[in-house]
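What follows is a group of structures, each given as structure tokens.
Shared between the two complexes below is chain A, which has chain B as its partner in the first and chain C in the second.
Now for the complex of A and B:
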């Protein structure tokens, strides 16, 4: 996790809020550093994490996780991390006969209506175990990313329904958190993606938006991050406030600074 | 003091805004955006209706019941009838807990009531319904619910119905939004500048011109409204008691008013191009001394009366 980002969000693994949906979106840049941040953040907070990873392989996240101080392999072995590797299991759906519905069952079906099998996978992964002793603090669902589900043929409303049910189960029933990533197509006329992004924005408590600089690529400033709090717990504090910072991604950390205050230009 | 009297004892301008939104009845459309959320205003209107003694039904699809009821005191919470469609709206859990027919069925069921008590129905949110139901079905259901009190037959027994619909503008195209807008008696569009929220209110009263105004406000933690001066249309005209107002029409070098004689002279003046009977006679009467008019022209020797090239400058 990036300590500077924790400071900006005014949170630490020990005292993070529960029952919140955080929306990550990126426009003209790669926002996956935010996914790595939250993955390591919640693993360090001793949460039970269900990670639906549709974009990269397990080893990719594992390598980055090691730089950030968490071991995904060990987390998976001790049961803290439930990892759905989309790239591998998509092949299983097509080539192996499955008795039970596979989470990515929609890839087989011609007219897949909904993502109910995927939701049931998430619910099963995060349901509290009645072993008497609570090992983990609260459950967390991470999805990287939702836009690829649109590319795979799901409608925007189907994805919104999936997130709705996940919210009802993870955020409301189990008092856990959710972090999802959606790409913003920007100028491209992608109505389905816009519906998904706007629909999720209305439901989120916190929106982190990574944007490329308007002036183009820069070696010292990789982009800017907009932080928008919606529906805060105390209505008078931070009501719908938005902050913008610029950032530079380094090997093991990300440094944030106010606009125009990059160390390279000062 | 009963709660409804207590509600009316609030500040005059606060009553104006919320009352004007609830007074017309019918469909009240709250259009919000990601930056300016409308659920707090919806809850403020719900609280106002509950305090006025109306029956309040909530169709909750987007947030959990706990989250919606948060911020209301127990007095108001006891008056709210909450229909929960958040937990399992599509019946994925395959239990029959959910209302059969889903949110649309619940909405249609409200058409069949026969109470004389005025009722307020809050839809949280209308966008949720519009994304999952055909627009025509939803509009028909909304029309049936919000116009119950105006249908001829039982109009004496059914009380006034207000339907408050929260609509997220960015999610829908102009067609569905336009259709809902034409159904609505009142439209509130939320916006604002940094730190200050505003509501642009458009009211369509029957047989009157639509009125619109912009109101700057903020919502307090207990969901009562605090109106700000800001750029409100009905702000007081600026008047400083120490400086007497100056009349700019004194000490002019020209005449702004007409005396009675001047007015009469002006009125009796005939305009030059006005066709009056005298003018008609003048035209019809032949002018003395000139029956017709002729032009006599003797062409010169070098004169070329070429109609195609009168100036003789074309190179033909």
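Now for the complex of A and C:
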């Protein structure tokens, strides 16, 4: 959890809003630091987190999580974190026939139509336990990242359907939050990705967009973060709020500053 | 449960030695106690594997790509468990060289090789590997008994880099006793036959395998990719690289080399048609390959003719699914061949992507304009000459073995805060050329002090 980003977003783990979909987007840079931020943020907020990690291994998130002050192994052991490691599961699915439906079942099929098994997995992971005591505040679904599903043969519409089902369950029914990461391919003319990105942009309450600098590589400023608050359900009388900051990623934190106000320049 | 924990525990336990001590004004090579990682059940003591070293930044286990200059640009080397994707140059002249350097490095270090190609028989590829440059002392060691630990090096006390004497000796797994990271190769000579025969390698030649009746799991990949994935998974399991095989305790690295992936010879049509029927085959293959690599002690190099891929979206997806992406752009046939700015070079090399593994940041080189040059015997990577500013040449005197490791490590220490480009760069005039210098690798650094002769530098400090 980056304290400076919390300040910019005006939230703390204690009083975060519920029922929101946050879209993380990166263009020409690596936006994975935002995923690490939200993962540690929601673990510190004592939420039940279901993390669908499709692009990196568990140890990667665990080691970065330790730098940010959360222990993923302990969270997994006490049941706070349900971790779907996409890479390991893909190897299991592809090389061994599975008896029960596996969340990544679509890898075995030539023309997989939908992501229903994955949605079932998420619903099962986040459903509230009826034991009476409420251990966790609210459920959170984290997906890193959705563009990989397009690379694995799913269509943009199937992925949008999956997000829609998840939103209905997690955000509306269970009053939880969702955070998803999508890559913006920019000028690579990836139509499916553009459909996915535009569709999600219209549905989300908060969009965090990490962009590389237009002028190229810089050692002191790693990129630019655009924060956009939206209210998709209500007709917008006021214009959506948007802020832009530049950032520099350090070993354990990220520092944000206004455009052109990098400490290296001043 | 060493499978998934291998990479993590390897990273955590070997990394404690070289964590962020540099911030506290302590030498970054100080050895700290091993962090007791809860999932570290890989034996009483993690033995150093020949040809690997922990990364300075996060303790990630690194292997050399075969080109020390490229290792430097990639932040120390190729991390175990990752994929190095080489975007081939237009006429496929220079990318096979990088491919061969990678495999030759594996043979010199005693790693197991897996060579996959649809065009050439892997046995022929191995015959054409460049010969490693070993000086006389190393040749003598090579002839000695492998288990003889009394190498001459251990008797000589290191004067400058004395901390290295405290480091444990690398366990000798391969026939070559040089425990250096990153070797030099003479591209005009072939690798000695005895080295190739002593190495453990597996070949996958597509025309042979496609006709055999291996049991194929249903998958929507093209048959060539499916067979290759099964072959790789088989080797990893059989030889114990992922730690899941109870009979095999493997402490070696598997180097996988796949040539011309994505070309029509593999049965894939992304190079022929814009929206072919198999447009997801390659990306699925890369995803499953990534899953296999992340849970095993292996590193992979893939050369891909991306200039032939019609659909740019696929290139973007392939880049996301690979870890390190290096693009080669040769000047042959382009208008840059006659451009006086590029007259000394054969092409440009673009480091398109470097991964952020176990970390929020990565070791990016500040120099983005890199060009390569293939001299008679060596492959060099240099920063492009800027107008009016001449860049400094630092010649690494390779065969002087005693000197070199100290020099190289010292260089690394000096470069860890990747010295910023200052405009006061200069041409090193007299480097005290010895006959071996022409065989060494040239690589550029922008340094703030003069280099006359490597020997003098050592003497001065």
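Definition applied: the second predicted complex is superposed on the first by the 258 of 266 C-alpha atoms of A that agree within 3 Å, B and C clash if a C-alpha of one lies under 4 Å from a C-alpha of the other, contacts with A are read in each partner's own complex, and residues count from 1 in each chain.
Rule of thumb we're sticking to: a residue touches a chain if its C-beta (ideal position, glycine included) is under 8 Å from a C-beta of that chain, and two chains touch if they have at least 3 such contacts.
None of the values given here were measured: they were computed from a predicted structure.
Judged by the touch definition given at the top, the superposed model places A:230 against chain B, while chain C stays out of reach. Of the two partner chains placed by the overlay, only chain C lies in contact with A:87; chain B stays clear of it.
Taking chain A as the reference, the larger set of touched residues comes from C, when chain B and chain C are compared. By the document's definition of touching, neither partner reaches A:124: not chain B, not chain C.
Look at A:150: by the touch rule set out above, it reaches chain C but stays clear of chain B.
In the overlay built on the shared chain, the residue A:160 is in contact with chain B alone; chain C does not reach it. Of all residues in chain C, only 4-5, 7-9, 11-12, 20, 38-39, 58, 217-220, 229-230, 233, 280, 283-284, 287-288, 290-292, 294-295, 312-313, 315-317, 320-321, 356-361, 364, 366, 368, 418, 420 touch chain A in the complex they form. Only residues 114, 116, 119, 157, 160-161, 164-165, 168, 172, 194-195, 198-199, 201-203, 207, 228, 230-231, 234-236, 240, 242 of chain A touch chain B when the two sit together in their complex.
Interface residues of chain B facing chain A in the complex, by the touch rule stated above, are 34-37, 39-40, 62, 64, 66-67, 71, 86-90, 92, 127, 131-132, 168, 170-171, 219, 221. Listing the residues of chain A that touch chain C in their complex gives 30, 32-33, 36, 55, 57-60, 62-64, 67, 73, 85-88, 90-91, 94-95, 97, 107-111, 147-148, 150-153, 183, 185, 187-193, 216-217, 219, 249-252, 254.
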